[in-house]
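Some structures are shown below for you to check.
Here come two complexes built around subunit A, the first alongside subunit B, the second alongside subunit C.
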Partner chain A sequence: MIERKQVIPGDVITRGDFQWGSYIEKRGDEFIALRVGLAEVGREGVKLNPLSGPYLPHPEDQVIGKVVDINGFGWVVDINSSFDGFLPASFVFGREFSPSTHDLTTKFGVGDIIGARIESSERSRDPQLSIRGHGFGKIDRGEIVKISPTKVPRLIGRRGSMINLISERTGCDVKVGQNGVVVVSGPPEAVGRAVNVIKMVEEAAHSADLMGRVDQYLGGVEDGA
Partner chain B sequence: MEGSRMEPKKKLIDAAGNRLDGRKWDELRPIRLEVGTVKNADGSAYIEWGKNKIMVAVYGPKEVHPKHQVLPDRALLRARYHMAPFSVDDRKNPAPSRREIEISKVTREALVPAVIVEDYPRTAIEVWIEVLQSDGGSRVAGITAASLALADAGINMRDLVVGCSCGIVDGQVVSDLDDTEDKEGQGDMPVAIMPNLNQVTLLQVDGIYSREQFQKAFELAIAKGREIYAMQREALAKKYFGGEAMTVQAEEEVSE
Partner chain C sequence: MSMKKNYVVETIRKTQMLELLASGQRLDGRTPEQHRPITLKVGVIQKANGSASVTLGNSEVLAGVKVATGTPFPDTPDKGLLVVNAEILPLSSPYAEPGPPSEDAIELARVVDRGIRESEMVDLTKLCLIPGKTVYTVFVDVNVMNVDGNLFDAMSYAVVAALRSAKMKKFIVKDDKVEATDEMVPIPVEKIPVSVTLARIGESLVVDPNAEEEGAMDMRITITTDDEGNVCASQKGEAAGITPEHVLQAADTSIMVGKEIRKTIIEATK
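Up next, the complex of A and B:
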């Protein structure tokens, strides 16, 4: 059985010999919470799911950002973090990129919204982005909703169940960045409904049976599932 | 009283041991704490402590400006304590006074030990403390609310910080001086602690104390600080866990 505990910074989550994850400090044999959140002690060790906080980039994260600047070597992208991401032009044009032969503005201009992957993130340098892979690149339509990055896992749901439910029921295409930026596209009324339900998920993220509430909100048929 | 700098103009504690506002020597003024009061901030808190009304907003971690102040290995924590012009009886000049600059400095130093600044290199974390209505003990009230605002902002912290002041009034050690007691009394001693780590992050003293008085006032401030810490927990729980009074002890009883 997994033991869950509500903690605030400074609380002792548990004592003993465990593996431990982020937002936890080990002091002697005590595991101390560093954030407001829900702590779990299970087979995988001590874990803390924070309930608030900024987006901190991690490699392989999928994010949605806005191009804020272009320099000779790439694009500066606001990724809703304390640092701007940098997308090098060589990642887009390939190795033969040269500032004199390629025009960066033909690909992305300032103000464009792009889906990208965090390529690297180090303490000493700004995070680097890449658009290699399926589904990345310019997002040319949709409405942007920002939610707290700590609520993103609830919006996606177990193996994408929540996000699939929302997009099926509203007929919208919903793209979620791990940095808390969501882009919803589809028919105007459907987009409005999807945006409302996303905001509801953010507000009620801690409540039990969130799936049921979303289902009800979107006028789902009761099938008991 | 020998050693007192000021002759008491009036009795601040009556024969029955009641203070001007009816409190006993070791009682606190009423305190109300609320978390998440400034929507546009990354974290915020509001405190009413006696007649104090203080709003705290935290922004960050964000990029440091001006750039030359960047710390390559940790975050730059900035704190500003400021009194609104309407927070006192006579208008206060909004420009930072000598006193506000000092309080900003000691507030920053009271909060830094709790914040894990190493987790946010090259960034700035800003704490804005705005006193809307002022009474005695506003620096400890500001610190108490600021640590809640930092926790609300989701910044990694080793512990919360909680403050309380004690002092000497009519030659007697008392807790939590109000404005009149602060001005007419013989001493004021603001103390801030990290209650779980059992460490002191702020200790200022003014007035003349005997060794016994100092010991008594210091210990009283810490004991009262722990009472306020329970209110801090409740305020955070109210926002994040839907109002259930949360204590670790209670949780442990349930799980066993």
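Up next, the complex of A and C:
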């Protein structure tokens, strides 16, 4: 059992020699919390899950964004963060891209929802996106749900257990972006159930045996139907 | 970092919206002729002559009335002054910025002002003290506190309610001089204009569009009607056109919905 404790900024989470994640600073041999949240020390090192906060882009994150603008060189994508993502046209059309011969609107228009990966995220520039790889690109059906980005790990669950449970039980396809944007697609009634359970997970994210509650919720509905 | 100018509605959301509208439904569960719940409170600012705070769904505005005396415009020497102004606060929306009033804020104030003025809600001739020299000046300043679409109607209700509930100091003319008295009198309000805004999304007209619907609309029309059901003012916005059938339909809907809202305003300003 991993020990979890509540921390506030400045608290010493633990001492020693560990790997450490975001929202933690190492001073000497002390690991200091930078946010309000739940800290845990396990085999993977010291981790801090903040209770709230905006989405901060990290390279390799898989996000779901909305195209809000198109310029000659690519798409500006709202990734539910304080930064707008930028998807360069050359990442989509390839090396031979030229603004005079390629029409960007044929790929994505303003308002389109796309799944993308954060390619790079530096402080001096807007985060760059890429759609290379399986499962990325335009999402053209589904219901959009926004949850707090800090609750995304709970929604996915250990090795995707929670999200698999939800999509198996409801028969919906559920795409989760690490930026807190979720797209659910499937038959209308099933989508409604999936959306409700996703909102329940967000609300009850701290409770123990969340998996059991979700299982019961989805099982219960099935029995009643 | 690029500046966000407007709320962009997701394409898949707009598709859902159009599908629902085809069967006469809206995403938030309203019917096309249904407006969002209105709450109206008057007398919310103690130091103003009159004030009102209005919420229309999640849109929220605050209006204040200040009455003083001043010189009339040269072309209307025997009429008082009525000026309606709007400011969209930066905290009201992620897309509002500080600085000089935006195009939207100017249009908002102009459309509301026109509705009040053309309905002859306030009898400006009764606000004259010495023709050509001194008249009452009525300033209505509105702050938009939260934006969730259809600010035109929210602001119009706030201004009407604030004017109806306002009390101003009575001035008298003595030996060609204007003197203030301690008596407080109401502003000479004659009518209750009600503005109703409709948006055309695809082929459907919907009353009181929210921010999402405004993001997806092709055209909007604001129509102000008075107590007798006369159309006093209107304004069409956005790029797409409007058919004569839609104009008539919009006018009929405004009169019908307006009647209902007028009752709410009377109830709140009793």
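Here is the rule we use: the second predicted complex is superposed on the first by the 201 of 225 C-alpha atoms of A that agree within 3 Å, B and C clash if a C-alpha of one lies under 4 Å from a C-alpha of the other, contacts with A are read in each partner's own complex, and residues count from 1 in each chain.
Quick note on the criterion: contacts are C-beta pairs under 8 Å (C-beta built on N, C-alpha and C of every residue); 3 or more make two chains touch, one makes a residue touch a chain.
Predicted model, so just to flag it, every value in this text is computed and none were measured.
J.: Based on the shared subunit A superposition, would you classify subunit B and subunit C as clashing or fitting together?
T.: fit
J.: Of the two partners subunit B and subunit C, which one touches more residues belonging to subunit A?
T.: Residues of subunit A touched, subunit B against subunit C: more for B.
J.: Which partner does A:25 reach: the first (subunit B), the second (subunit C), both, or neither?
T.: The answer is first: A:25 touches subunit B but not subunit C.
J.: Treating the CA centre of subunit A as the corner point, state the angle out to subunit B and subunit C, nearest 10°.
T.: So the angle at the centre of subunit A is 60 degrees.
J.: Which partner chains sit in contact with A:83 here, subunit B, subunit C, both or neither? Use first/second/both/neither.
T.: It touches subunit B and subunit C both.
J.: Between subunit B (first) and subunit C (second), which does A:66 come into contact with in this model arrangement: first, second, both, or neither?
T.: second
J.: Output check: A:140 vs subunit B and subunit C. Expected answer is one of first, second, both, neither. What do you get?
T.: second
J.: After the superposition, pull out the minimum Cα separation from subunit B to subunit C in whole angstrom, please.
T.: Shortest inter-chain C-alpha distance (subunit B to subunit C): 5 Å.
J.: Could you tell me which stretches of subunit A are touched by subunit B in one complex and by subunit C in the other?
T.: The overlap between the subunit B and subunit C interfaces on subunit A comprises residues 83.
J.: Considering the complex alone, what residue numbers of subunit A touch subunit C?
T.: Its residues touching subunit C are 66-69, 76, 78, 83-84, 109-113, 126, 139-144.
J.: What residues of subunit B sit close enough to touch subunit A in their complex?
T.: Contacts found on subunit B: 42-43, 60-63, 72-73, 114, 116, 120-123, 151-160, 194-197, 233, 236-237, 240-242, 246, 248, 251, 255.
J.: What residues of subunit A sit close enough to touch subunit B in their complex?
T.: 3, 5-12, 23, 25, 32, 34-36, 50-54, 82-83, 123-124, 150, 206
J.: Contact residues on subunit C for subunit A in the complex?
T.: Subunit C reaches subunit A through residues 1-2, 4, 8-14, 16.
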